[in-house]
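Next come the structures, one after another.
Same chain, two partners: chain A is paired with chain B first, then with chain C.
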Partner chain A sequence: MKLTLKIWRQKNAKAAGGFVTYQMNDVSPEMAFLEMLDALNKKLVEEDKEPIAFDHDCREGICGSCGMYINGHPHGPVPAITTCHLSMRFFKDGETVWIEPWRAKPFPVIRDLIVDRTAFDKIQFAGGFISINTGGAPEANLIPVKKEDSDNAFDSAVCVGCGACVAACKNASAMLFVSAKISQFALLPQGRIEARDRVRSMVEKMDELGFGNCSNTGACEAECPKEIKISNIARLNREFYKAY
Partner chain B sequence: MSKVVFASISKKFTMALAGLFLITFLPVHLAINLMLLKSDPVPFTQAAHFMATFPLVKIMELVLFATILIHVSYGIYLQIVNWLARPVGYAGGSKSETSFFSRFMIWTGATIFTFLVLHFFNFYFVKIGLVKGDPENFYAMAHGLFKVPAYNYIYLICFSVLGFHLYHAFSSAFQTLGLNHRIWTPVVKTVALIYSIIIPAGFAVIPIILWFFR
Partner chain C sequence: MAQLNAKIPEGPLAQKWTKYKASVKLVNPANKKKLEIIIVGTGLSGAGAASALGELGYSVKSFCYQDSPRRAHSVAAQGGINAAKNYQNDGDSIYRLFYDMIKGGDYRAREGNVYRAAEVSNQVIDHFTALGVPFARDYGGTLDTRSFGGVQVSRTFYSSGQTGQQCLLGAYSSLNRQIKKGNVTLYPRREMLDLVLIDGKARGIITRNLITGEIERHSAHAVILATGGYGTIYYLSTLAVNSNPSAAWKAHKKGAFFANPSFIQIHPTSVPQLNEFQSKLTLMSESLRNDGRMWVPKTKGDKRPANDIPEDERDYYLERRYPTFGNLVPRDVASRATKERCDAGFGVGETGLAVNLDFRDSIKKLGKKVIASRYGNLFHMYKTITGIDPFEEPMRIYPAGHYTMGGLWVDYELMTTIPGLFAIGESNFSDHGANRLGASSLMQASGDGYFIIPVTINNYLSDEIRTGKISTDRAEFEAAEKDSVERINKLMSIKGKQNASSFHKKLGKVMWDYCGMVRNEEGLKKALVLIEELRKEFWSDLNIPGTEAELNQELEKAGRVADYFEVAELLVTDALNRKESCGAHFREEYQTADGEAMRNDENFSYVAAWEYKGAGEPHILHKEELHFEEVEVKVRSYK
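Coming up: the complex of A and B.
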């Protein structure tokens, strides 16, 4: 199939960027979206042009690095998948595809479609961990945990930190990410011990980095490739009130 | 201490509480307004007189004004922070599925606030003597206003917008307060829908009846 791609190109963090149009004439519907970009890059290299820079690593939906904003959606128009899982069969012959980097002040563009997501790491370093020395794995059933709690904790722990929630939110809010990181610990007895400090520090860091405020719009939940629910945000709010 | 005061979640907490307070005030105002439909001006005038003079109500009036100010100023502040958080927008637009009215809260809010200013000029400023008029005769003043077609159009538009604002606001406040529940959240959403239709409709019914049927 034939596609017109409008891709954001930007030399570096300081340069002014702009959209460049590329014509792709032989895209197979069996291709993955990233393979389609690989094909375009191969062509660009052969033509002695600068290839398009985009983040990717595992290409199996677990590292969270492949975020890009495709036709008005983070990770493209198909729900609950990362860009690397997006297939070209979801596009129509002759379609124009807009490909943009995440847009948020705390996620500055480094180059083309790559943004700097260190802001998420900074939030994690502020408290998204349990500070004990890890020894050997203890017997799992020593501390009883309600099935529902362990399920919910696991469901929030699947967050891959890709940043789609921030990209989707009209306020560029990081609340879904932070709420997932808070919830995965808040629901488990091991996580309760530092719960108070954790939520205080992580929210403080989130605010400091310039993310917007959650207005309960729900775009994050609709776009999250890991289907993290906004009920986590209500839990984050509760944890925050409890901490003060 | 300053950390909790300036935290984003605290500001939203305050906004949500203020909003819920305003939500409880609307039915009271509506109950009094509905007395305008009686051809006898006495009940309405008595109620208006009571609201203007009873000490506890006067205290509540101050609380109400403070609440409006807090809700509005925090709303504007948070909105500006939100705009600043995305300096460059998306060329391909945003097609994410969202709760529809949540996207326009600042604009529906601004519309309601504009109406409130008009409302103050029409009534409250008369009551405190800033604008001339008879504060003991709000019944006639209201009836007079509802004869002006332009006023009725503005009134009906503003109250529809109020409904849009309330629909998102109601359930959103609960989420912000951390009150999310498998069973109760859908109930809150249903109540929000009913409330955001009934209250504005109740207000709108008054000019419609006075304008078309009297």
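Coming up: the complex of A and C.
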């Protein structure tokens, strides 16, 4: 298949960026989207041109490294997958594909499609943990947890921290990301003990880093590759009210 | 010549670790703050060690090449984590876990280390549970387990098919707590370029800031490598595409012996290669073999759709060959049996390099809902990649490079042959012998990081309390930095045509063809010639656009590929040296009449520890003889 790619190129955080057009003439529908970019980069290097920089690592949808806007959607047009799992069979011969980095003030562009997501880590440093020292844990089965609660906690805990929710939100809100961690711990007896301090510190840090408020639009839920539910945000709000 | 001393404590096996802990030297809490520890890698072992050592009060510096510690490749482990809890009352114990690992590793691991790994496994589960890791639970609220290959008990704790992710995020959370407290300083997007030795001791590392290209010096009183394995040597593997052995290799070139490099696990169940552009192979967890049956048609070249092939025309080859363990034989055995069927022409799919993993019978028996709760995300992932729904049709799978049992040689204290340099998790060689059993890598990595290194490192650091801060202005740092810069300049100045990945791909093919699931002398010798040819081509035809003083992913990749050639050479050398078949290392010349591995205990019951002697010089082999006091060394049988 033949594709026209319009890719955002930006030398560094301070430089002005812009779209550059690339013609791809031999894209196989069996390729993964990132493998299509690999093929383009191979060609660029052979022409002694700088390849397109993008984050990627596990290429099996779990590390959360990859992420780019593809035709107006974070991680592309197919729901519930990360960019690395997007197959070229979802594109049509002759199509023009627009590829951009996450656009959000708290995620400044580093180069091309790579953005700085350390703000997410900073929120987790603020309170995304249960304070227990190594060796101090009780025997595991002394903490029984209702299966339903444990399963729900797991559903929240599968967040990969890719940042699609922030990129999808018109307010660049990190509420879905923060609520996933808050929910995981709020649902477990181990996490209840520090629930109050945790929600205060994480929300405070989130605000300080310039993430916007939730507007209840639901774009985050619609675009989340791991299908984290917006009901997590409701739980975050409840935890937050309880904490003051 | 250096002497290998594993420093295994005296006394009965079950008391070695207890005795060690009771007699190990300690560091006064007031002195800990003054001692700095560098930890490279933030996977389960690295993040675990950083948090545990931070909790103790040491000043820890934690490095990773990713943008966040949460992305280390432990995150991708799927099926589970073993522990000897015996929650199922099915006869499990620390001893049985130890025994299964020794046997599973085909009697090529140290008894002392393996017993300890089994011993701390229960604490690991307690710790993760307390950290809020949502392991699967039963309706009564207690933890659930499942079975894995090579064992007959149910001891694997899991979180759907994302156990690695949940454990790693647990470790990441404990790391975050120490970062907040100021005990750990995080250095993300850094690549280790060299190890710095002062008076023979590991005293620091040289790193490249991957965003700015800046070369940095970092000093410490001890350095811990938690940098994973070298399975990406095959190019196509189940590993993250950026996983690489460069840090361990740099340490090797500075004097750390490299042990059993040829012991690489080929995982039996991965999504087969679909096209020539493919950049990685996605694992389908071993846990699937609990409920999935592996089969090929009984007729060669049978091209009918799997569901149209009647029961009596299917060859459930694992159940046929290994009736006792059936589909739950260890990985090395399953991989070879699959290769045997495909090589004989019974493989399925367009390439014939695939077999069926079929859930039809389990779905019939347990219902779709139960199967979905056990493997939902794996089925979803498989469908995403291939477009085929495993609820309707069997998965097609094929073996892929996965885990390296070999690694840096370490003693009982997890210290390498360089004083002050430690290696933990997959980066060391110590616990899995010639083959790792499923769900024991999360177990070993967590045990090393959280429970072993925080004890053993004290023995070394207790002698360092008077050392004082180590200046990075010292000549040793300057020299190491100069070497790193020169190497980068050399790579940048080749100005050929091809990108680094092209070379990696070619090298991977050589390694897969001649040093993969089966090996023979002729092939291995050929591989050495081909590697050398490729290496020459690399150093004359590589191209890296851009400059070194900025984010440059081609430069990152090129540095790693340059090291892969050297690692590959040692791997093949080790495979040539080991004239026996054991575990994952299968030499065609050494097999039984029915195609099973034939060990040679008389001549090869040793750890092969290789010493680097300089560029172009042959490696020197040191043998650490293995002594089995507790278990009787037998022919490994799963029949």
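Keep this in mind: the second predicted complex is superposed on the first by the 239 of 244 C-alpha atoms of A that agree within 3 Å, B and C clash if a C-alpha of one lies under 4 Å from a C-alpha of the other, contacts with A are read in each partner's own complex, and residues count from 1 in each chain.
Here is the rule we go by: contacts are C-beta pairs under 8 Å (C-beta built on N, C-alpha and C of every residue); 3 or more make two chains touch, one makes a residue touch a chain.
The shown structure was predicted, so the numbers you read here are calculated from the model rather than taken from an experiment.
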Task: Which of chain B and chain C A:Ile233 touches, first, second, both or neither - done: first
Open item on the list: Tell me the contact category for A:Lys92 with respect to chain B and chain C: first, second, both or neither.
Closed with: neither
TODO: Applying the touch criterion given at the start, work out whether A:Lys147 contacts chain B, chain C, both or neither, answering first, second, both or neither.
DONE: second
- [ ] Return first, second, both or neither, reflecting whether A:Asn12 touches chain B, chain C, both chains, or no partner chain.
- [x] second
TODO: Compare chain B and chain C by how many residues of chain A each one touches, and report the one with more.
DONE: C
Open item on the list: So in the complex, the part of chain C that touches chain A is made up of which residues?
Closed with: 48, 51-52, 55, 66-71, 73, 75-76, 85, 87, 123, 125-127, 129-132, 134-143, 159-160, 162, 164-166, 169, 172-174, 176-177, 179-180, 186, 188, 211, 238, 240-243, 274-275, 277-280, 282-283, 377, 380-381, 384-385, 387, 450-451, 454, 497-499, 501-502, 543-546, 550-551, 553-554
TODO: State the interface residues of chain A toward chain C in the complex, per the touch definition above.
DONE: 11-12, 28, 30-32, 34-36, 38-39, 41-42, 44-46, 48-51, 53, 55-65, 80-81, 85, 87, 89, 110-111, 114, 116-118, 120-121, 124-141, 143-147, 150-151, 153-154, 157-158, 160-161, 184-185, 188, 190-191
Task: Complex interface listing, chain B residues touching chain A - done: 3-4, 6-9, 11-13, 78, 81-82, 84-99, 102-103, 105, 168, 171-172, 175-180, 185
TODO: Report the residues of chain A in contact with chain B in the complex, numbered from low to high.
DONE: 6, 8, 19, 69-74, 77, 98, 100, 103-106, 168, 170-173, 200, 203-204, 206-207, 210-219, 222-223, 230-231, 233-238, 240-241, 244
